[in-house]
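Letters A, B, C, D, E and F mark the chains in the order given here, with residues in each chain numbered from 1 onward.
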């Protein structure tokens, strides 16, 4: 995933933002022949994500700067500090890439770490933790990757790949039936259709239309249990709305298949990782 | 600031990420002539930042979607919920822009709100809170704007606009003197030069070179006080390293001019803001 | 669909290709104040697709050039010639956009027309005609649109939105079971999984894995009938391989849900449409 | 031709279209160290064009994927099937590039094959077959290359490189003389000027202005013969309009120098070529 | 010419270069509602070129800033100072665009002015002054426009639009004949072919091949006269090499059709033009 | 400096401009396996700048074309002709890159040479020569580099990196004091603030605000001397306006720290440099 054109553009963009027309300090101190090596160190407990992105950052500043990973994607730092990777190569490139590489690595590891907490909390249930579209503008592909690394499973990537019928769409169409029919007529038959419902009668309506996923929006635990029973495996069931580490276990106990958690990506605590040169 | 080409590119980028080849739901439910209006509501206490960006998001999806601000940039939500803005126009555009607009608005308001906490904590001192390069890749210009909206003052935008001489540069050059001389020879005379120092003898060296800013890196409170005394207004003084809401007041009391806080932008708690259509 | 950023880029690209650094003829003959009007005429029988793209072409060369459609997307030209649209505005822009607008309109109408032939041929069956990835590089979004306009239903847009497990993937994984498991672990739960099978025993394997779509690749009519019976609505069934207008009716009679036809987009006969100024 | 920046952009564009944010199937089945080899096979008679583009597609997905051509550009598949090229390298890259590479190769070979038919039909005359601007938006440079590979000679690439004075320009200027004079005043002296004429008196007018090329638009065979006689080598003569494989020989017999055929590029029958891995 | 996509990109590029992430001065002093007006004044004698580019610069910074031309493209400032144009609109936009607009206007007027000097010097001869590829990287389209405005006629725009056979090509091919044949086989029949010759025997060879333009490279005046006589209107004749205002009249007297002058664009004296707000 | 992304974009842009869809001559004469070598020769006295850019041009056309520098950036050609560099590699690439490489090299060396003249003229004074924003649109980063190579020191790169308070800003704000305060509130504390003053009382005002740089705009020599005395090292002093090689020595004698000279970049005399293959 990490090597495609879109990720390269994100990285170029980030490097242009930080280096722009040139680094006023390092380029004037070190010759291009000066080499250095450094250690990337995980300084607190957490799940590591983004090592490939960091590697790409170094190599895009200067192909001569190599990152040799000592951790793998998704591995856990348990007794910090831990050596995550070594970097070596021309000093100018290494120092110019440092901040951008760490910015990616710390953020993605922060997301993976946070995801793991939610995943662990419900580990006794067959439920999966999933993400939302509440991601940082421009970084969704990477943040969804970090969620997956942390043990979550991704929801749709954008408006373009999965129709999700919400309140407004139902109202405008007159019924779930009408909305689903309109959608079915135009979208590829290869996509799943999801409907967001607020009550049990909408659950019934959605089932009649044979939608693939039913999202229970801000329902009570009781309602969710009832909905799961009604649906009875005829559609995937997703719980959504107001879910926290505090209440997620109870939601899992209702029998839903997926729980979506906006906080995975819109509350961020960057993991403490540094580079010593 | 908010209207320039770079901000437009950030927004286009974010919209392409979310909408891509088209919205499978809304475009198939509403005709292009269907209009709606909605309210953007602040649901928790905090400082609002990013209304202009949100406005741009709506207008770039469809110039017919208008955002009328009811709050101004930097205004505080005190008794939530509060109406922050109204949006109206073609429903398709309005709903397609919703998530991206909120993603910007919630994040930037989160940063402004967090900055304000640090600013308030040291309000009895003449010190200023400043940011770092630990920003989200691709969004630095907006995040620095949010810091300013929250009452902070910006540090350099990137490696390209202000030389900052650190440990590695000093070692490689042999001395602060050598490093500063190399830099002075090549950078525009219009830029300030900053040196990061670890001890008081380096402070003295830096002063001899008449650098503009001296950054005290991870010094003790005692050392900082002493440094401020030695410098005696001959350079701006910045404290950096390990600063939290818990210890910032004591740092402020040392008399430094600026305190840089990485957490302003690398720990994020998006402010709770929603759009009701 | 037609108005998003991706379509705009396709059009800009096409205009740059044809106009480049400037039109050596028209720009030197007409002043910018000279206006003209013209008629876009359908000169042979067929289904019209791409009027919105043509409109965009004219307006992007010069916002003053208006296209007023007299036909709607998907409407059929029955007794040619028929007036499809009128254009009017500054002559320079009108003439510069002409060829590019027609190139889009003729090609897309050609695809819609061809699709309609396949759709009509199987109109007595509940089967749907679907497209493939054998589209013109760079124009897939428009060509898929034309297929839909012609009465087809779209298959996946690219490698990125629907996993399709083929021969090579099955061999490398050891079994359909292994391949599906690997895929399920990593892709969003919102996507459907399709497996391409060559024989009935693979059909059984795929059903055990509860895949969403089973593609019958180059099977005989007998095999297809048998497969449909085995599958028995537990998955969508797609027939693929060597399908022509000559044999499609027999394939439809096997009871499959979808028939994919590469020729919809890789054999093109542009519809005869011209602009008279 | 095939290696320049513009072709690279066309290929990047096509790859982004198909692979986008990542291939959901292959990337999750094969490790990056898994290698494969495959054969590109021509399965019907025709002229091969686009092998260099296909090679570029593979190498841009992954520089480790090599295409070794067994056919040269313009060579004819006479007794299908024939091995056109071998590809080998990392399986992920190879499979991801497959469809896009074939899409280019099949289309360009289809154009070369069709061009060859027209060229062969008039092989007893000194006339040349030439193309038009009725090309696929975004692919003109490649399609014109395929025409040349098939034995045709290219006409202008766009509005920017050769002035062609048509009906509307003559009317607006008052006369061919006026139009030519306006054009001559502004275009580089290094370009040829072409005039489209509808009758013999316009031929005379064009000759007086010493234009370089005279295009006989939709003239009868008699008129064309007469025009050729009048022109008498004082300008190049191009026949245009309504030319098919059925009537092209008679047009060639009139003595014109060039015959332009829109169908070379706006009617496409992709050549049957496949990749076996 | 001035309004196409390529010119827009040049202007966007120039504005990004100067304004980047925002204007630190003007944006912080003036509100967006503050308006101003200013006069663009020609302060020395010369030919004005680039007013449309300047207009585009202002309108691209802010569509509300209008430039009303008082001079036309190619008009001469005879008794400076002269009012060239008025600008009015939002002050922020006006001041931000000022320097970039003047940078274009001064340079292009400088080129037009210089071209006019060469044109005037040979006004008693039927010869034309033409430019070369010695233009500023990135600005060729505008600089060639300025040459035309100054009374020159453009030579080819780049390597892509006119084949020019030079020394190295002749040597590698074995003869002018071979080189021309190779070229003829591949380039569009719509382009002219130019050959650069060093002596009279090469002139004869080129004539046999019926090339369109013969460039006399660094020949003596005697040789040029002789070449013109030999060629006798069978090809256009261009003189090139070492031509200055001092010797151009003598070159014109040899009877050549075109004289190319590198100094038109590689020696630049920006015309003195300023904006008073 | 020379290797970053921005410079690469400038070079790509220049190559696209010249080569576009392909070189009609060289690509049709030489096979891709034909190699050549050539000498880049300085044919007149001057300072060499831009060798790295030339190297980049060759390698971007074809990585196989190597430039081996025989001169270093900033070295002087004293007894022309001098060998500046050797190039070798595939002939097609070498010849296609030639003109663009020379266009950069000649222009940048011209600027460095001109800068050196100004620098030499004031070599007996401690003053520095600095540049302005009167640079070629799109090439500022390279032209500023050439100024530095010639011995000058760079002024700000754009509106985005240093606030410069001019006449209009002061008027609109009411006073220098107000303008500086507005600016200070919003710009990073890491930037210097410059004020342009027209008289001595403004000098006093600026000093009170502790601005970093005071620009004396079009003052008489007497006024400048007086200003320098008043300022007395409390700010950097820059002289600007109407400075020529004729009067610069007298300006230097006033004691100012910097003299800005627009002519460094807006009057250009490309240095005579050629490539012999």
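Some notes on this structure:
Basically, a contact is a pair of C-beta atoms (placed from the backbone, for glycine too) under 8 Å apart; a residue touches a chain by one contact, two chains touch by 3 or more.
Please read all numbers here as calculations on a predicted model, not as lab measurements.
Touch-path distance (fewest steps) from chain A to chain E is 2. Contact with chain C and chain F alike is made by A, B, D, E. Under the contact definition stated at the top, the chains bordering both chain E and chain F are B, D.
Comparing the CA-atom centres of all chains against that of chain C, the greatest distance is found for F.
The interface with the greater number of C-beta contacts, when A-D is set against A-C, is A-C. Per-chain Cα centroids separate chain B from chain C by 45 Å.
Computed from the mean C-alpha positions, the centre of chain D lies at a distance of 32 Å from the centre of chain E. Chain geometry summary: the mean Cα position of chain C and that of chain D are 23 Å apart. Counting partners per residue, chain D has 19-22, 141, 157, 161-162, 186-187, 191 as the residues that reach two or more other chains.
If you check each pair of chains against the touch rule, the ones that pass are A-B, A-C, A-D, A-F, B-C, B-E, B-F, C-D, C-E, D-E, D-F, E-F.
Only residues 128, 130, 148, 153-157, 161-162, 186-192, 194, 212-213, 236, 257-258 of chain E touch chain D when the two sit together in their complex.
Residues of chain D that touch chain F in their complex: 1, 4-6, 141, 157.
Contact residues of chain C toward chain E in the complex are 12, 15-16, 19-22, 27. Remark: chain B residues 10-11, 13-14, 17-26, 28-30, 34, 36, 91, 95-96, 99-100, 102-104, 106-107, 133-141, 158-166, 168-169, 172-173, 179, 182-183, 185-187, 191, 266-270, 277 touch chain A in the complex.
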